[in-house]
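Letters A, B and C mark the chains as written, and numbering starts fresh at 1 in each.
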């Protein structure tokens, strides 16, 4: 299928970049010129060929570099991957979901062979060839969730369901938008979303929870979230805030185009069959402002969204202090022309 | 937003008479593929074409969740019911093609429990059979207390005894054997969770006893599917679809809505899950709320109805559907 | 001193109720400082159930972080078992033993400061009780137990916001975001974006 993996870094010299093809398939999250929180969930059904929705789990040119970055984060701080003792079965469910999806969707990259509970997994890009016994942790080098999420892009959390609530009780979180798994693990749905402004008052979380409690196996859903990140840093963790926080004070009119990134999370939700838990993959896509404005519709629209965003949201997302500089930069790419509905780029 | 998972087209592989009242049905996929895995306590909705009447009844999956070759349910014949169980008993034969909904679990085990105390009455044993198989495979601690009217109606007792030994305790009403609930509840280690499935009276007794013994609410789990009750026919206006429908005596409101070609969400069809909750736009009369979902205040307000089990008596009922 | 009314906050910030008698086989009460008065009120409200409550009660009491010590008041309740501990840390092993030996039917009542309530609730959860099965009532000091999200160290009895982490020395602002698993609020570096720009430490918790 001709996927070439970039050699790039998400730290230090920050050599991360998007190819022109990666820019065109970027999941731009705004389908209109303004933004407010909503439940905005839709069925996670296969999308058009080439888009990030084509497959259940998208594998793109950043795969190997993202997995290298994850390994570095875990070596620094093993608490980024945790699973409370009762969540092991959900971890196996997740392993099965990812392995089956990838082997089906990318047969030239991944293979899964099953003989009863004896499984054989091949991950060609990462040069992994592993035989193991499904549901037997002793046959894998890590627990099932950690094993498979060291081979899958994006963060993952697992939610147990009980007492008409969801409980975040396992996760692999190394590409997060400033929240701590170590602190939040064990919380209920409204608790771990507590710091989000405005959305509680709008009833967003009540509706979302009610919906998710009824989520069915085989009928996953998806939604977007987004924020801004200075430099292509996947690991914007609260743990390391003193390390990356100062970069927020370094944005100037001269560097905003090359250092400010739109950070989009494609979040999907899957009911897991054996554990009745819910898997929540949070896939992070980064794009530099000067890459993004090569799509004229997105440059126009991002300017309007950022300019008009309520101050609470810009503060919560951490870019209020740089908003004026960002808006000035983006304004150069907004000629005032109307934008077409939906997020897709206009045909060239 | 849709929650619809793909339905499962199946062939009836086996029909087994378990005792005078209960038959077991085994379904396999028509395409020969594996069934989706499920968690102990899950149910499926079985779709029946009963000579032109569409019936959709929920039944607990009772097979081993690790067995992906087929699904098993047990159906107790209910002579006074609306006909779903009679249809299953009298008309379903091996080789027949049927359709199942995807599994949904409204009676899940609490994975944190130090021990699982399972209390079953009669046909209420079925979800526990799947749960025990799953617990056994994963090394979970459990004990079962299973009461039946008499030895002949104690479905699956010998097999369960053989599989799980003295973790299975049986009781027979006609031999005046009663579960010594106070002693049982007093002896459990901290972190035990209690599960009860059986007749309404038993569920009430177990829940009240647990509360009196100081068991926290969140450690006591029950499952009670309501069969939609029969009643007097009534008429309903469906405002959103612009239709007027009549609900037959042995038909549920949800079934009547579906029969009119109007799409309505559902999961359990037994008044428990809340999925079919519908707004009442106007009501001149009395809604018979038969569900476990709406709060007493919501029921009294007359602004919501659960069409899977609830009925209406009066002049006008207008629904937002 | 009656129970504390905290200002409305975010959904992860714990809220406390008023202890009330519930039927049970063993009544474990853990309190510090002014929490003693919550136990006295609990027994008073239990009315006719009070003798049975006390006959099956095990009370662990310790002075509060502000020095309040009402041991005599608590001891005078006449519980079947009473233990005065000089601190929470010195009571923890005893608490674990009681919980490990307990059967279903145990009732847990916690009263006093947030640090005491949070840590004892965490032990009850670790022993298998659902968190909402544990009754809690806040009395006395409002000082906080705060975890530094950066170094993971916990600072006890935090009075100011911001405050200096007792472990890594960063200046942290105190969020209302709270973890039951850690029994702590979250502290986040206040000058991460502009190192050295630290506002004055204001006494916010007393």
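One rule holds in what follows: a contact is a pair of C-beta atoms (placed from the backbone, for glycine too) under 8 Å apart; a residue touches a chain by one contact, two chains touch by 3 or more.
Since we're looking at a predicted model, the values are computed, not measured.
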item: Pairwise touch network: line, ring, star, complete, or other; value: complete
item: Middle chain, criterion being Cα centroid separation; value: A
item: Distance between the centres, which are taken as Cα means, of subunit C and subunit B, whole angstrom; value: 42
item: Computed distance of Cα centres, subunit C from subunit A, in Å; value: 37
item: Multi-partner residues of subunit A (each touching 2 or more other chains); value: 163
item: For subunit B, residues that touch 2 or more chains besides their own; value: 112, 218
item: Subunit C residues counted as touching two or more neighbouring chains; value: 130
item: Contact footprint of subunit C on subunit A as seen in their complex; value: 79, 163, 180, 182-187, 190-195, 200, 238-242, 245-246, 248-249, 321
item: Subunit B contact footprint on subunit A (complex, rising order); value: 39, 41-43, 86-87, 89, 93, 135, 160-163, 210-211, 214-219, 221, 273-276
item: Subunit A-touching residues of subunit C, taken from the complex the two chains share; value: 10-13, 130, 147, 149-150, 152, 170, 175-177, 179-182, 186, 188-189, 192-195
item: Residues of subunit C touching subunit B in the complex; value: 22-25, 99-100, 102-107, 127-130, 132-133
item: Residue numbers on subunit B that touch subunit A, as the complex places them; value: 1-6, 36-39, 41-42, 65, 102-105, 108, 110-112, 134, 137-138, 218, 267, 273-275
